[in-house]
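So, here's a batch of structures to check.
You will see two complexes here that share chain A, one where it goes with chain B and one where it goes with chain C.
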Partner chain A sequence: MADRLRTHTWLFAACLALALLIANVAAEPTFGEPGNWPALLAALAPFAIVAMASTPAILSGGGGLDISIGPIAVLANVVLIEWLLGHDGVGSAWLAIPIVVLLGAAIGALNGVLVAVFRYQSVIATLCTFFVLAGVIAKIAPAPKTAPAGTWLTGLGDMVGPVPGGLLLVAGPLVVWWLLSRTAFHRNLYAVGGNDATAFSAGIDVAAVRVLAYSLGGAFAAVGGVALTALVSSTQASGFAQYTLIALAAVALGGTQLGGGRGGLVASLLGACCIYFMQTLLGALEVSSAWLNFVYGCLLVAGVVVGAKLLTLRPRGATA
Partner chain B sequence: MSQALALQRRAPVLQLLALVVLFVYGAATIEGFSSEITVDSMLVLAALLGLAALGQTLVLILGGIDFSVPGHIAMGAIVVSELYGARHWSAPLAIVLVAVAAGALGAATGWICHRWRIQPLIVTLGIGAISAGAAIAWTQGHLTGAAPPFLTTLTTATGTTFGLAVPPVVVLWGLVAVAVALLLHRTAPGRRLYATGANPRAAALARIDTKRVWVVVFSASACLSALTGCLLAGFAGADQTVGDPYLFSSLTAVIVGGTTFMGARGDYTHTVVGALILTVLTTILVGKGYGQADQQIVFGVLILLVVAGYGRERRLRDRV
Partner chain C sequence: MPAQARPVDPAPVAADADRPTAIALRTTELAKAFGPTQALRSCSFELRRGEVHCVVGENGSGKSTLVKILAGVHRPDAGTLELEAETVPNLRSPRRAAAAGIATVFQEVLVVEPRSVLENVWMGSDGVFAGRVPAAEKRRRAKQVLDALLGESPPLETPAERLSLSERQACCLARALVRDPRILILDEATSALDVATRDRLFELLRERAAAGAAVIFISHRMDEIAEIGDRCTVMRSGETVATLERRSATADELVRLMTGSDHLTAGVAKRPHRPAAEVVLAVPGLELRAGELVGLAGLEGHGQDGFLRSLAGPDDVAYVPRERRAESLFESKSVRENFGIATLERDRARGLLSPARTRARMQAYVERLRIVLGDPENPITTLSGGNQQKVVMARWLATEPKVLLLNDPTRGVDINAKRDLYALLLDLAAEGMAIVMLSTEVDEHVELMDRVLVFREGGIAAVLPREQLSRRAIVGAFFG
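Here is the complex of A and B:
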């Protein structure tokens, strides 16, 4: 078992998520009823997708850390509601979603160019993007606004045909990742993350791989913004720092190394599930709001410590 | 040329140049920019930012990252106000208690990260939530007390120190900066910190107790954040969100100063200049009459331009 855990670090996150799910059902039996699933999945989707979105940048190594994931998701949210779903907007989901995803990919590509071509440290490049986007968001949505009723968004927050909308949105990035895992890009990404100088000597176009990784993250973040919009049906022009932090916590909990080159999208998804189930558990146990932060912190630390205890013999380099 | 490069490697020369250029530009184009009261208030803001970024600097040199800064700041501000204002403790006792509590939490952070080789990112997120959460739970979210008045005197821009027309907190900051510079460059513990940050394995083989380094650095970082929280309680009053702006601004100050994310480069003198650059920049943007949103956009772009001069990575082909 311990050997297994060492090679498949995401197994721990999977076990923790399962344990928390069972705890949830025990605390509140209605949690597991199929009728609640669409709503649960819709609430999980934004967390899960921003966590997946911050993964490619981290995998690409060199201290890659995309702080601008939260603002990109919120930008997608305000652009959807203020422009694309307005009276003179495009309306249709088939047009609106690709537009925001392209927008996210473009911002991600900009981050990637700053990091890989202009050689900025990724923290400072994406922090600057964070500040700029925060300003842009405040300009686009100076006041909160609700989405018009009865659009495709309502379906995405509940059911799209026979499938829960949240599941559909989470599946999007996963399918893209699965398709990419059959290409050279996927292997090159892990090679670059493992050691960029070696990858460069081996003839890999490191800059191209990194730009692609960041733009992939940006595109995923925009999907997260769509999920957020489907959940709240209004503009959420604040609190994007929180999304970035939750995403990073989920990635770390999933077992992806911040040094790069190890981990994956599924691990981050499981990490996000852990954090989401922790929060629903706190709600189900009716923890008073004053204690919420404290208990959340304890659970987070306890979670990683238990995980790490199982993996104590993890190879060196994990402290970075 | 090589002498100039060597100098830049040792001291933040280009950073200082950027600071002077920004200040001269502000003084030339904004009326009253170089007046005593404006300079004093800029110095107070820079001092608070700089003190909040001190712990972050040490942790970055060690090769980690500290996301518990806002949590400890909020804890310090809330606890000192509650103890002094509502429970009538003596001010020094309240401050000592805050420092000890934060120091213990920080030591736990360092110990956990080192013992199980967990990424500091997620542990500091958890401990930060525990720290602020415990303070909020203890006061049940109702904060009635006010900070000791001498903390307010320390942080007013019109304050004087022993007859000099400099706010006391600025003098304090200057003393701390000199002490930290001496500690980092002229003492054995400082060299142990750099050695551990550069290569933990090599440091351990050189018989450095790396666990102690981790525990002490994280403990110091938490302690300093909480003490900054006490100062902020006197400066602006305490509430649950008082630390939030310092999450990313402390990180920005450290990196704009020139300390890098992957460890063992830079020192606190760099961060001091970084904090001054950020404060002058913000003051210029406010003085030019930009709105909040425009300020953030221009701020993000300008930081990229400033850092372009000195804070970029080496070319990949030079590292092969």
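Here is the complex of A and C:
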């Protein structure tokens, strides 16, 4: 069992998420009704996607951490509403979504180049990006603005055909991740994150892999921005610091090691579920929202302590 | 080294028999410096196809630098490098080196612990996205090579962290072998292997050599060199000094070449042998007496460093670390602050710190250690390396220790500062201080020490008393 937990550190988050889901249903029986699912998923999606977006940079190791994930998501949100869905915007989801995703990927790649090529500390490099984007966002969306009614956004916030829009959005990064796991990139990323000196001496292009990891994170963050827009249908030009922090909390809770090389996208998704379910549970129990951050903190400490404990367990055969 | 035939010697492939001395790699006057240190001065050697070519030399002789240039980790400052008669200006990265048919296995066991055996073996063989070798082929060849190395391959899905050290190093060897390199470099890669695995590796090396590959083999073990080497190149102080054929490469001859025959016991300062004094420090392997100078010697990474550190701790033992920048200097602080940090309590005046007192105390050491100094309030980084080291020494001498531990104190220090330091050490010993000094310079051991402990493979391999100290005796003990 200990062995299993060690190699599948996300099991803790999975169990916790399941327990919280059951607790939610117990506290509020309507929680489980299929009719509520689209709304629940739409509210979960921005959380879950920014958490997933934070993951590749962390996996790529070297103390990698992308602080600018939150601002990238919000930038996607304001660009969508102010420009792409405006009177002279592009309108169609088939055009608008790829544009913001490419924008996110480009910003991520820039972060990656700062970190992997120019060797800036990732926290500092992405903090710079964070502030630059904060300024850009304030310039693009100086005042709150509502999305035009009756666009494809409404569907993404509810149902797209038979599928809840939130589910579709969360599935996007997961599918990309799954496709990548069938290429050498996935192996290279975990090798670089696990031990960059070994990866380099074995002939992996460490810098290219890291730049791509940040770029992937940026692209995912933009998808998170689409999910955010679908949820609130307006510009959300403040509060992006919150998104970055909650995303990091979800990653840690999911069992992804901040040192790199261990963890994954599904783990972060489960971590985000834990945080979201905790939030809804406290809401159902009518606990004051003032307690929310306190509970996040406790949850995170518990998750990180459990994760660290699991990692220090001696694997079988290590002393053989 | 007896010139007997190899136990297993598969018939060479016909094409290679036609040109038995085809050159796989030739370096001409390769040079490389790291800052002020000239790691490689002039390295010229020839590697033939189908041979196992040993490279030997003591610490700092340039073996590792040569290997890292060939592996694509470092780029040479000067000199040329030819691969199969084709000039290659440099190998820009390990990736380029691998593409040129060079595979290197390092002394450090380089595996990514959470990843599987299979991924570790094939690491770096793919592009960033594109897999270059089909998955089934990867499994088959990984299993084949690991079977040959380990007798039986561990399950390919096992994470590397569950393997023993020897199995992990086997993964690194397999990573090189599955690429079918034209040139295979093993840099002390056998030290982590158990004996059975090493024997199977030698078998594989002979097969690969017989099939036309060239192997560069670096080891500190004379028995391994005798067993596997066809030719042997000796390096000393960054230069290749000789290449010997198998029959002339006796252990004695190699040691003679590694140490340089001319200064065997030259310049030994004759010191009166003092009567045995009280024991000031006793640990397994070492009973240290007051007034004694004890040297710790060995090739890098054979346990002498850990041994020295394990002696530090008690109050009257002062330890001067090796890495000045990382472990002993406060680079943003002044010379005075750097000196006083270990003895601050002595400069207390009415509950506050008195810089004047520190300066006064420091003056005595400045004179005694001949520290060349402007204003004591200047940052420590304004001093030369030798003077920085002296300030660190002064810091610890100020604690008035009974035992002084020095970790390679003359590394990166100019010759005059070295001489000052030697004189100081002899003075201190004469006053009754016991000194244990790790040094990578064999001459320091020969000239200064009362006793030298030679480390090999994590333990004390030999204890040489003063009358037996010579370069040849010490280097001979390095190589067992």
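Simple rule for what comes next: the second predicted complex is superposed on the first by the 289 of 320 C-alpha atoms of A that agree within 3 Å, B and C clash if a C-alpha of one lies under 4 Å from a C-alpha of the other, contacts with A are read in each partner's own complex, and residues count from 1 in each chain.
Note that in this section contacts are C-beta pairs under 8 Å (C-beta built on N, C-alpha and C of every residue); 3 or more make two chains touch, one makes a residue touch a chain.
Note that the structure is a prediction, hence the values are computed from the model and not measured.
**Student:** Thinking of the overlay built on chain A, is A:V25 touched by chain B (first), by chain C (second), by both, or by neither?
**Tutor:** Neither chain B nor chain C is touched by A:V25.
**Student:** Using the touch definition from the top, say if A:A93 reaches chain B (first), chain C (second), both or neither.
**Tutor:** neither
**Student:** Among the partners chain B and chain C, which is in contact with a greater number of residues of chain A?
**Tutor:** B
**Student:** One more residue to check, A:A184. First (chain B), second (chain C), both or neither?
**Tutor:** second
**Student:** With both complexes superposed on chain A, which partner does A:A197 reach: first (chain B), second (chain C), both or neither?
**Tutor:** It touches chain B and chain C both.
**Student:** Examine A:A125 and indicate which partner it touches, taking first as chain B and second as chain C; both and neither are also allowed.
**Tutor:** After superposing on A, A:A125 lies in contact with chain B but is clear of chain C.
**Student:** After lining up the shared chain so the two structures overlap, which partner does A:A290 touch, if you call chain B first and chain C second: first, second, both or neither?
**Tutor:** Touch status of A:A290: first partner only.
**Student:** Would you check which partner chain A:V176 touches, where first means chain B only, second means chain C only, and both and neither mean what they say?
**Tutor:** The answer is neither, since A:V176 touches no partner chain.
**Student:** Under the contact definition given at the top, report the residues of chain A touching chain B in one complex and chain C in the other.
**Tutor:** Residues 197, 200-201, 316, 318-320, which sit in both footprints.
**Student:** For a test of understanding, state which residues of chain A touch chain B in their complex under the given definition.
**Tutor:** Touch residues, chain A against chain B: 62-63, 65, 67, 114, 118-125, 127-132, 134-136, 138-139, 142, 196-197, 200-201, 206-207, 241, 245, 248-249, 252-253, 257-258, 289-298, 300-301, 304-305, 308-309, 312, 314, 316, 318-320.
**Student:** Per the contact definition, I'd like the list of chain A residues that touch chain C in the complex.
**Tutor:** 7, 183-185, 187-188, 190-191, 194-195, 197-205, 208-209, 212, 261-262, 315-320
**Student:** Across the complex, what residues on chain B touch chain A?
**Tutor:** 63-64, 67, 71, 112-114, 116-123, 125-134, 136-137, 139-141, 200-201, 244, 247-248, 251-252, 255-256, 260-263, 292-301, 303-304, 307-308, 311-317, 319-320
**Student:** Would you mind writing out the residues of chain C in touch with chain A in their complex?
**Tutor:** 71, 73, 93-95, 97-98, 104, 106, 110-115, 119, 123-132, 159, 161-164, 175
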